[in-house]
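Common to both upcoming complexes is subunit A, partnered first by subunit B, then by subunit C.
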Partner chain A sequence: MTAQSASTAPLRDPEPRPLTRAELWKRRTPLLPGLLFVIALTQIPFLFTVYYSLQGRNLLRPDSGEFVGLANYGTVLADPLFRNAVTNTVVLTASTVVLSTVLGIALAMLLDQRFPGRGVVRTLLITPFLVMPAAAALLWKTSMYHPVFGLLNWALSPFGVNVDWVSQFPLLSIIMVLTWQWTPFMMLIVLAGLQSQSPEILEAAKVDGARAWTTFSRITLPHLRQFIELGILLGSIYIVQTFDAIFMITQGGPGQATTNLPYFIYQQAFRAFDVGEAAAAGVIVVVATIIIATFALRVVSNLFEENS
Partner chain B sequence: MTTAVAVPTETSRTAGTRARRRQRRRPSRHPDRPRMSVAGILAWGAGLLFFFPVLWMFTTGFKQEAEASTDPPTFLFLPTLDQYRAVLGRDFVPYLLNSLTASVLSTVLAIVLAVPAAYALSLAKIPRWRDSLFFFISTKLLPPVAMILPLYVLATNLGVLDNVTALAMIYTAMNAPLAVWMIRSFLAELPKAVLEAARVDGATWSVEIRSVILPMIAPGIAATALICFIFAWNEFFFAVSLTATQAATVPVFLVGFITGEGLFWARLSAASTMAALPVILAGWSAQRWLVRGLSLGAVK
Partner chain C sequence: MPNLGVAAIVLFCLTPFYWMVATTLRPPNQQFDNSLIPRSVSPENLIAVFDPSVGFHRALLNSFLVAGITTALTLVIGTTTAYALARLTFRGKKIVLAAIIATVMFPGISLIVPLLKLFTDIGWINTYQAMIVPYLSFALPLTVWLLTTFFKQMPFDLEQAAQADGCTPGQAFRKVILPIALPGMFTAAVLTFIMAWNEFIIALTIVNRPKMQTVTVAISQFTGAQQFELPFGTQMAAGVVVTIPLVLLVLICRRRIIAGLTAGGVK
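Let's look at the complex of A and B:
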């Protein structure tokens, strides 16, 4: 029994210990409103998703809702469109995470140096992360990627590049926008790691005659590792859920070329109204996320140990 | 402003590092100000490159439509407010108000729920507090698509589909875990001795929070609120799934620009600028807290 299940279900916890129990509940009181609210709006809906996934439920047939067991899971897993969405999600997430991590580390290293206007540059660099993703996606789709009037083709025209980005390279187009948005996130986390290095140790390494590269690979990189891991794992979890950019730029197309899992489920639910199959796909996504999340939590919890 | 990180205390510093830190604080007046290096030039280049699309959006909003889509791009033009007038004339204001309602209401609620919870989880030290803390964070890992269908059905049954208050409730649940973690990290930093000294004998937790805790972590609360506001304002998935004409927020307004490509770039840019500006300003002013919020309080 974990604390949260005990605190949400007081009636199921009739153990005596009256003295401490009253005191414990008094101490728990401040926690309860927040905890119950979050459970009500996240956990209970998820349990309903599991329930729907076992039904042949379709919003267009109000009388539907018959129990079909695991049939929806079978249908979804055999659906080539679902498999395509899984592949797209993996490609999209992995590429974006790798690109934004590499760029983020490089930019953080630059920003860790002293130069005039460092604060301004930092402010400029974090801005892509702040721009409303839906607006950013439309902006890229029109002003940047347009085959005739787009800035990208204009900037690359000296190199003979003239392509219809969204039609010819749909997945790459999405990856570029996401990388632009997520690089600042990675940069901020890595920069915080760089700046939390003990100046004494770096000074000592210098005094002992360590070369810059040795200092970097032996001291800085091991110190940064946990920050990079944290950035990668949090970034993956958010990027797997990408929806705005796909909705705005490609609508999952052309064909199904950029349909990722969130967009697939959205289409299944709100275009095909097939709630049963959409729910089953949702549950599969959660199971996959839990696997990633287990690693994520381990990393977060390591950092958390150090800080407390 | 760049050092939002835990640095060793002043006493443990060597004279050399202290001197360097002083230089860094006011580089312009100091004779030994940092010189432009290769790294500086590269960083400036990267910063301008990353910022350029945002700048382009901002400037395009002041163009005429004919200047917005040209080949080669138009860099010099006579600024006009026509597009802003057009967007505001297209009933943009209700969307703005919905966004404002959903973001502010959910931010306030998230803070109201999170402060006592964070208090219980860090200062009151209830048993199994760690489980509860990790429960909160695990909800952030649950993809919205896994909850949207029941929320949609529930909202339909309760008659609150396309209702901005209902949307705000969902944003509250989305942001409360983040707020709990962030506020907890601020509470964990309070010196125990000060807390003990300020503690009023026999005061209830609500009095203690209001009279002792809140004044001490006010900047942390403000930072947390800004982060919550940013996430709520930018949220698109729930907004587009659960709202229609009455409660639609600013990102949903932008959906109207998906079709009719190439026709209304300047107007789109004006609308996008208005949509993005509140969060850009909030994020700039909260940038020393941004990394802490994004890493759930783990990185300072």
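Let's look at the complex of A and C:
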């Protein structure tokens, strides 16, 4: 440790001489266009959304467009369909993230061991993540879930199972597709964590007679913490936004059983043509995602701290 | 027992993809056949996908152009911005970085309403740029975030040494910093390409002319070459065709992608 800090110390900035204002700006200017462009590109559409959300804009009423304050937010929050969409989104995201993280950890543990053909297995296991979501939705809808020709019913028929998956278990059907797609993503991140573990510590634990489970829960899991956190955070941010699978497999149905927030907004904007309410719902989703992501990260961190 | 569990997970991950390939290779008259290994193999489904009446090659070309241009622009803009954020100190920098990263969390659907209105007003409906510009806004935050952490890890002395040896700041950036940042840029490029290649909502709403559709939309509206039957085989063949580029991309550069992702993201 001391050797390391000694070697990095000289790399620290040797207190640079304070620059004048003019010099500072001369340095900054060449770098600013990119920065401004990124800010404009990323923030302006959202500001537009906020602007529309404050207007009573409905494409079916061409004269509309008046300022209505927060009325759209009130309407959306009071809408039972919106609340239903919130519940569906939470269930969908939470189940998919938990399932794919657990499965991902299991697969990563498998791939961290040495066995013949490991490279091939690893590459094959990544493929679900690479299948285009629209194509994956089609694949599950037709080849897996089809009540007559689907593989799932065919495989379960010896047990007397014959189910129309999409209409009888719509939410479960979507969760299965999403879990299938996101497991490889979690596996990759966890695997990167496993491989950065020092083999000496694991060897020491073995010598000290620690059982496999103890080694896993006391050494491996705490080490994996930041990797799992990253996976959960990125995973939930993207899974909240799921649209393709729902659009293609269930169209939000039957009824509203699988309508999540993105699909709700889509319906508001392109079926009901209520741009104001769709924009308000969009703003609510953005704010909620940011709050939940921050909160989720805290909870996960605390969980790990208590364990270790 | 744990091994059995892992075997089940592996099966869960691999079967659907295997089935997609197997269904593609079956001749159309055997498409509802559930034998695990296709009885006979034929390229008919793949040929049907590229039938001129389907217009699938045009969709492929559209997707390649849109995803490719998005990736190139993201790299150029993202690299300079990340460098600026890593090296410059100015008031409100943290807020700027937070605002950019928060954009990752904006569901595309929540932006679609203003985008559609805007693009209708300026006549961008059914154009490539109407897809590329929004994709940039989704890809840039991740790229900037990845590369900022990359640039921050590099000691400032690198540029100072280069400048002491007679480089201009621009040269120092190009000749010293860029080569070291390459793994991070590479990862960002692959992720951006995958994101743009797979994007669905914007491509679905902004484009309504079949000729300008990307493959995601084309696949979702794919009814196959033959009418009045379930075109399982052709649909799966289309799925295989659009997945192959990504599988190849990742197969060739898997090691580099993971190295770039974890070196930048976690530390």
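Definition applied: the second predicted complex is superposed on the first by the 256 of 308 C-alpha atoms of A that agree within 3 Å, B and C clash if a C-alpha of one lies under 4 Å from a C-alpha of the other, contacts with A are read in each partner's own complex, and residues count from 1 in each chain.
Here is the rule we go by: a contact is a pair of C-beta atoms (placed from the backbone, for glycine too) under 8 Å apart; a residue touches a chain by one contact, two chains touch by 3 or more.
Remember, it's a predicted structure, so these values are computed and weren't measured experimentally.
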Which of subunit B and subunit C A:T42 touches, first, second, both or neither: both
Chain touching more of subunit A, residue-wise (subunit B, subunit C): B
Which of subunit B and subunit C A:P184 touches, first, second, both or neither: both
Subunit B versus subunit C as contact partner of A:R114, first or second or both or neither: first
Which of subunit B and subunit C A:D208 touches, first, second, both or neither: neither
Touching both subunit B and subunit C, residues of subunit A: 27-28, 30-31, 33-35, 37-38, 41-43, 45-46, 48-49, 52, 107, 109-110, 121, 123-128, 130-136, 138-140, 142-144, 146, 149, 151, 154, 180, 183-184, 188-189, 191-193, 196, 227, 230, 237, 240-241, 243-244, 247-248, 261-262, 265-266, 269-270, 275, 278-279, 282-283, 285-286, 289-290, 293
Subunit A - residues contacting subunit B, complex: 2-4, 6-7, 24, 27-31, 33-35, 37-38, 40-46, 48-49, 52, 107, 109-111, 113-136, 138-144, 146, 148-149, 151, 154, 180, 183-185, 188-189, 191-193, 195-196, 198-200, 203, 227, 230, 234, 237, 240-241, 243-244, 247-248, 251, 261-262, 265-266, 269-270, 275, 278-279, 282-283, 285-286, 289-290, 292-293, 296-297, 300-301, 303-304, 307-308
Residue numbers on subunit B that touch subunit A, as the complex places them: 1-8, 12-14, 16-17, 24, 27, 33-37, 39-40, 42-44, 46-48, 50-51, 53-54, 56-57, 60, 69-73, 113-114, 116-117, 119-121, 124, 126-129, 131-132, 134-154, 169-170, 172-173, 176-177, 180, 185, 188, 205-206, 209, 230, 233-234, 236-237, 240-241, 250-251, 254-255, 257-258, 261-262, 265, 268-269, 271-272, 275-276, 279-280, 282-284, 287, 290-291, 294-296, 298-300
Interfacial residue positions of subunit C with respect to subunit A in the complex: 5-6, 9-10, 12-17, 19-20, 23, 32, 34, 77-78, 80-81, 83-85, 87-88, 90, 96, 99-100, 102-118, 133-134, 136-137, 140-141, 144, 155-157, 169-170, 194, 197-198, 200-201, 204-205, 215-217, 219-220, 222, 230, 232, 235-236, 238-239, 242-243, 246-247, 250-251, 254, 258, 261-262, 265-266
Subunit A to subunit C touching residues, read off their complex: 11, 13, 27-28, 30-35, 37-39, 41-43, 45-46, 48-49, 51-52, 103, 106-107, 109-110, 121, 123-128, 130-140, 142-144, 146, 149, 151, 154, 180, 183-184, 188-189, 191-193, 196, 226-227, 230, 237, 240-241, 243-244, 247-248, 261-262, 265-266, 269-270, 275, 278-279, 281-283, 285-286, 289-290, 293
